Amino acid sequence: MTRRFIILSWLAAVWVMLWEAVTWANVAGGVVVAILVVWMVPSHRQETAVGFRPLAAVRLVVYFLWKLLEASAKLTWEIFTPRNRINAAVISVPLTSRVAGIVTVVANMVSLTPGSVTIDIDPETMTLFIHVLHLRSVEEDRASVLYLESLTLAAFPPSAFPPAVTAIGGGETR
Amino acid sequence: MMTTATTVALGLLLVAAVLCMVRMLRMGSMADRIVALDSLLLVVASGLAVQAARTGDGLYLNVMVVVALLGFVGTGLVALFIERRGA
Amino acid sequence: MNAAVVLPIVLPLGAGALSMALGRWPRLRQSIGLGALLATIVVSVQLLLRVADGTVLVSRLGGWEPTVGIVLVVDLFSAIMLVVSSSMLLVVLVYAIGSPRTDVSGAFFQPVYLVLAAGVSACFLTGDLFNLFVAFEITLTASYVLITFGGSRLQVRHGMTYIVISLLASTLFITAVGLTYAAVGTVNMAELAVRLAEIDPGLRMALGVFFLVVFGIKAAIFPLFFWLPDSYPVAASPVTAIFAGLLTKVGVYAIIRTQTLMFSDGEASMLLLVVAGLTMTAGVFGAIAQDDVKRILSFHIISQIGYMIFGLGLFTVVGLAATVFYVVHHIIVKTALFLVGGLIEEGTGTAALSRLGGLLHVRPMLAALFLLPALSLAGIPPFSGFIAKLTLVQAGLAVGSYAIVAVAIFVSALTLFSMVKIWSGVFWGAPEEPPPIADAFEKSRRALPRLMSFSTGLVVAASLAFVFAAAPLWELGETAAAGLIDPSIYIEAVRTP
Amino acid sequence: MEVLAAILLVLGAFLATVAAIGLQRFDDVLARMHAATKPATLGLLLIVIGAAVVLREPGSVLKLLLVILLQMVTAPVGAHLVGRAAIRSNQASPDTFFDAESERRRLD
Amino acid sequence: MTFVLALTVAVLYGTGAYLLLQRNLSRIVIGLGVLGHGANLLLLSAGRAGRAPIIGDGAGTYADPLPQALALTAIVITFGVSAYLLALVYRSWVLSQSDEVEDDVEDRRIAEMATRLAAAQEQAREVETADDDPDAVS
Amino acid sequence: MILVLLAHLAVAGVAAALGGRMGRRVLLVGAAAPTITTVWLARTATARPVDVVESLTWIPAIGLDLDFRLDGFATLMVALIGGIGVLVFLYAWKYFDEREGLGRFTSYLVIFAGAMFGLVTADNLLALFIFWELTSITSYLLIGFDDESAVARAGALQALLVTGAGGLVMLGGIVLLAQAAGSYSLSAILADPPSTPSAGAGLALILVGAFTKSAQFPFHFWLPGAMSAATPVSAFLHSATMVKAGIYLIARLAPVFAGLIVWWRPAVVVVGLATMLVGGWRALAQHDLKLLLAQGTVSQLGFIVVLVGLGRPELTFAGMAMILAHAVFKAALFMFAGIVDHQAHTRDLRRLTGLGSRMPATAWAAVLAIASMAGIPPLLGFVSKEAALEALVGEPQWWIVTAGVVVGSALTVAYGLQFLWGTFGNKPEGGSDPVGPEVDAPNALFLAPPLVLVGLTVIAGLTPGLVDDLVGGAATALDPAAASYHLALWHGFGTPLALSFAAVVAGAVLWRKPLGRLRNLTRRAPDAPSVYAAMVTGINRLADRVTSTMQSGSLPVYVGVILTVAVIAPGFLLVRFGTAPTDLAFASSSVQVVTAALVVAAAFGTIIAQRRLGAVLFLGGVGYGVAVLFVLQGAPDLALTQLLVETLALALFILVLRLLPSQFEIVQSRIRRLARVGVAVGVGLLAGGFSLWAASVERGPSIADEYLARALPEGGGRNVTNVILTDFRAFDTLGEITVLAVVAMGAMALILARHPDDESDEPTSPAAGSEELGRSR
Amino acid sequence: MINRSLVLDVLVDLVVRTALVFSLFLLFSGHNAPGGGFIAGLVAGISIVLRYIAGGHAGVRSVIGVRPEGLLGVGLSVAVLTGMLGWVWGEAFLESAKFEVELPVLGVVKATSALPFDIGVFLVVVGVALAMIAALGQEEEV
């Protein structure tokens, strides 16, 4: 299960979804288009192989959606109540994964969650810098992000190459 | 039922749109304006979805795909610009 | 059959597309360009011969009938314009190829130039109002690129004036098209002619004047011309030449076409005559005030446009015939003059009168090449300009428009004055300040590029040939004018199922 | 089904309005950013799901799914870029707390 | 065309024109953009509104498709030309660090010359009247 | 006649081509042209029972054909053109030192001769006009031949402007007259003359043209100004031929129209007499030989105008004689002046002294020529003047003319003496820088041409019968009633002779005692040259002023003017003549209202934004809002396009904005804010109002339904908008992508264009040059 | 002007490729649903901008190995040639034709000559985006 395969199937799936019908013709067309597009636009990054665990992925999604709703509710409450409970902060969260893709997914989920946004990533150390609207405590917030990362890693376990190798090429463009 | 719901939704979205524009017009930083513009785009996309639900045809879905896929390009560019320049 | 009607557009356009793709092979590119324009001339002449008796050819693009699809229409007026414009385009392309300025002969020039040619043809051919807008845009966009070709500071600054004004005009154009469609529900010009006649007169007149303003900007009539002398002179010589010769005439063409076809009742007659007089006068005064050859000539374009509008404003067959005649004469002569202006610059590095002088002794042939079209422009007999002005005077006096004739004659005298000023400043006397090219006035000066001189000579020769062919040309003009004054054949030809 | 769709639509629109109110409500750029884009994104998702429920053509659901997926991918990128820009151009509220590592990076 | 649309068109034209009357190139380009939006809106509203003209089942009148096609063409053309104008603004800045449309040099020169000549003539006339009156002196 | 014209062209071409190699001998090549004319005339005139007619159709539809007719009058004129032409070319051959450009000079002169030939033989008024203007142009080139001299250039310009402009006025007259007569044929018009008011107006304009050409007051000043021309040019153009063109035309018209048009005779008399007196008077004051002759010529031209203009047969006859006599003696005198100039290198009468003894042959010949001019018997000048006086005496109602002529003759005598004494006399007082003793006599060949002319004036004077046919034929051609008149040396003692005698005596007195006080009196009258100068500077200044007002060079002003016109013109018509729209729908939905409000707000945002980026974002807001309006109208394709275009445009804007400063600079606009607001409001009102107006019109069957019905079956697509774009109106789309492609090519070309730093070695663009100029001044 | 962002860097490939798929979809479906050559070209063009944002010029060039003017020329030529084909199957320039081809797996594929025309449009629009980026995106420091 290579990243290339994920990409191709994603693109083919996009094609099918766009045509609004799952037919053989559309699937075949999707594959052709996907191959064509990948050939036309070669990736400008080193591709890192990752695995995929569907169950873990579902768990990640559910957890993430829950977080999303919770945070939204909180923020809505905040907006409609006159008291200002904002306690903004920027905290650093050094991730354990060295795979850029994983880090990106984590960073995005953080950003999608109301009340927090990834400000920056240090590609050397894979540290996320996160702006949070309501700082509980640095440790607590850091821990929740790391938990999210662990769920992500469970869904997309690193395979084939040792993390160290990707770490070297991780942040560089080709 | 559906008509009432979509009307209410549209009404809410209109309020949202007006508020976004108010934010844009208020003297603020560029970051504010870009945020407001981004929100406006989201409101527009939402409105299209409501409209789709209301009329039952999916003709405007491509517009939504565009917003979802490329809406962030403008935002991102402006953000990069602001970052460079300061607001 | 009528397939040939589209060729004057498709040939240069296809060649332009090819030469975009063929940037790497200059020789091949050049042959394609020259070949395409040559073929365009041949096709145009054939079209002219087919419509010389006043018939109207219609080509339905895509096979769709008019109002659903776009039609191209060739009547005698458009055929004449096609022949003249394609000839000038070819000659000026030769001139440009011969020009040592790399930015003009470079890979990007020709495709854009060919597109310009296609656009001009489209303007003359289309029978659809919105398509006319598109054709204008093709022409204009190409002209934006050409006027700023080289990208020097001045070109950018003056190109900006040109582009901003043109864009404004285009916006007004699209506005007018929208309003017209809103009012009558079609953009086919023949159909418009029928339907506009039936609507509220106030609205119709307002639309008519609005179109006049739109095309008036392009044609540089009073008081919409200011942009022209500020922008034309900065372009490279071949570009200025083709702009001066053709582009404003595209505007004039559009004015004539719309005012005779769509608003054919002559309601605008008085307005047009007043505008004509003011345009002539303002242009010639502007010319007198200038010190730079290309600027002087640019102001004369304006003044001359006034004469063309004069003929149209009479709304008689003779008046329009005179205008048609005038337009053709002017395209040739003006192109010639600007080409000479380019040669002067080529030889001396300047076009400022104060830095020129005595060129007659160094480059007598160049002097002759200037003198003939200059006299023609001033309306000195027996050159084409004389015939053109004479016919205008005849047409004006025939309907008792004494005032405009008086203005025309007065302006004619001032034009002579101004042409003589160039002659005296460039070819006689001595420069007040040294020209940029130090040995410009030495006997040992370098030769002018042969292709440039050759093509200039060709245009001047054409302007002389015009004199000899004046009788048949005048007859053509009269037939064309008759078709313009009474557009029923045109309308019929388009609307017949 | 219809009820679910109606609830989703109204809720989504409500979230969008909330977001817009949030734009007015806070005085910190970043706070406004949080308030504006996140609920609005969520609102859009809800509305899209709501629309998917009621759409006449079943195929459209696929496209709506695509919209959701794409929105999930791109919205955070935008938020990230805007947030980064706001911080880097020093528009964050002066009360904002920076932990040690962040402070160091900010001063770079 | 509804009154509201006409009003919108009016405002877009007005603001576009206002911006166009400035010397700041950026403002001019933006003004042309606004004006273009107004024109496209006007063009579109020249036809009737209605259901999207994509043939399918469903009820209601379709909108007039022609203005849509025309406006689409116009939008793209306006975009193209604006893009070129932007390229020129870019180049203008690179060349002269200026975002301002200065007046045409040659035009200004002639204007100044005219003023100077008029002044000189005025002066000459005064001198002339002075020694044109010998009787007064003798 | 056409062949003669072609021969001129050919000779001119040959001369121009050979000029460089042949040196001054090229003038002998030029002499071929008038020789051909003369030979042709000699052969034709002897063989001719009636007028010779030739015709070449050119543009019959506008009445422009090259019709020629050689009648008696034309014969006289052609004889002058050919005969004096030959002499002038021979004279010029010796006159010029070797110099550059003689080939050019020769061809100018040949073309002039050809044009003059065409002028006097043309029977079509338009053809006549063509040759008329050609003589103006060639005269311009000839006068300015010495182009290094600013005086020559100015003189050339003056001559051209006066005669050229006069010609243009005449063109208007010709067309008026011809339209009244229904023909451009001169003979047809004269055979059936119209007398409508427009014909009268036409004749007035024609007269103005003729007056300018023949240097009549108040247009006379160009002739002295033209004296910077080489002397052969003056001898040919300014005495014998070109200045006779106006007289030619007046003479042609007078016998017919003098009686038909009430004001004709008074006009001719007033102008002619004034010219005669002014010219004579001014001649007296000249110190330059040629200027003296020029003013004298002006005077004599006035005299001839009166003679031929009154349209009486006997006066016409006398006029013909005068034309001949004047051409002969004045050409000779110019040649003498040239000889003096050539030998002594000056024409200043105050410096010349005692040349009579250094070049006696020249001096005696000049005496004869002057005597002819002064009307001393037995010379041709006397004969013709006697004929004139005789005729005038027969017209007692024109006594004023007679008186004028006598005074004029006296002046002629006076300046004639001035010429002779000034040039050849031994002046004891010398002058400041006397020239005389060291001067050589001219070469015999140089002197020969004027001697021939002097010989002619003597012989024809002694035996007037020699030229009687020529003169009589000319007069008869104009007016059959003139057939009975003949030239005679001796008319017996009578009033004419007495008057002649009186004039001679008065002239001699006048010469001895110049009327200093009178001269002072006239000095303050506005003189024509200063009027001309004032007019030229006036026009220049007016042009400057008009141009600097209009052509402000400011883009916002241009835009403002255009917008104002675009608002006022249609707006006025709409309000004045239109019916206001009714039945307006306010809005289609509340969504439309709110969206429109947002668009409006964003539009105002573009104005109030102080930062570039802000304004651009507002522009984006407008764009997105408009996209929503598109959706509401039912245009998904359009909305999609709008969204995408807006995004792409935003991206491009930002790429540019990164270079520019963040805030807008405060730039002083040339248009006040209030005016800007005014124009903007006007534009808005027009756009909104006009669109409502247009939309409210009851319109024909909409094309929309046809598209909707045919898109799927015939275009094969459900998306009607797309089918229109790619099929029904694919040509628009083709054009549109052409626009895009060109834009892209242009953008690429801009990048690849040379960097501005090496702009210096680029051929300087004109404006660049003038920019420097502007700085240095 | 680009400060690298890892998030952007990683996602750009995904988004750009998805956008291209979308753009091809718009191109092929445009005759029957909102879309068409322009819109498709614009989507592709914006994805090129995106690529530029993430990777600068090098990023753009590594993706599209063609010169913009080549793309423009080919696109325009395709459109013109399609127009000329009208002379082959009809008699008017730009006359359209419909085709139905039966292919294995895919079933009956219907197409009109509007498609190649739209492809030409598409290519030109992409070429414009490329050229504009090239013109305006020069990496000069502010």
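By written order: A, B, C, D, E, F and G. Residues from 1 in each chain.
In this section, contacts are C-beta pairs under 8 Å (C-beta built on N, C-alpha and C of every residue); 3 or more make two chains touch, one makes a residue touch a chain.
In this text, all values refer to a predicted model and were calculated from it rather than measured experimentally.
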What is the chain whose Cα centre is as far as it gets from that of chain G?
F
What's the farthest chain from chain E if centres are computed as the mean of the Cα atoms?
A
If you tally contacting C-beta pairs, which pair wins, B-E or C-F?
C-F
When the centre of a chain is set as the mean of its C-alpha atoms, what distance in Å lies between chain D and chain E?
39
Measuring centre to centre with CA averages, how many angstrom lie between chain A and chain D?
16
Geometric centre distance via CA averages, chain D-chain C, whole Å
57
Roughly how many whole angstrom separate the Cα centroids of chain B and chain G?
26
Can you list every residue of chain E that touches 2 or more other chains, as numbers and ranges?
1, 16, 20, 28, 40, 42, 45-47, 52, 54, 56, 66, 70, 72-73, 76-77, 80-84, 86-88, 90-91, 94-95, 101, 104, 106-107, 110, 114
Multi-chain contact sites of chain D, meaning residues that touch two or more partners:
21, 33, 41, 57, 59-60, 63, 66, 70, 73-77, 80-81, 84
Shared interface positions of chain B, touching two or more other chains:
10-11, 17-18, 34, 56-60, 62-63, 65-66, 69-71, 73, 76-77, 80-86
Sort out for me which residues of chain B touch chain G in the complex.
59-60, 62-63, 65-66, 69-70, 73, 76-77, 80-81, 83-85
Quick check: in the complex, which residue numbers of chain B touch chain E?
55-57, 59-60
What residues on chain F touch chain B, complex-wise?
590-591, 594-595, 597-598, 601-602, 604-605, 608, 611, 613-614, 617-618, 620-621, 624, 627-628, 631, 636, 639-640, 643-644, 646-647, 650-651, 654, 657-658, 662
Can you list the chain G residues touching chain D in their complex?
5, 7-8, 11, 14-15, 18
If we count contacts the way the header does, which residues on chain G are in touch with chain E in the complex?
32-34, 38, 128, 132, 135-136, 140
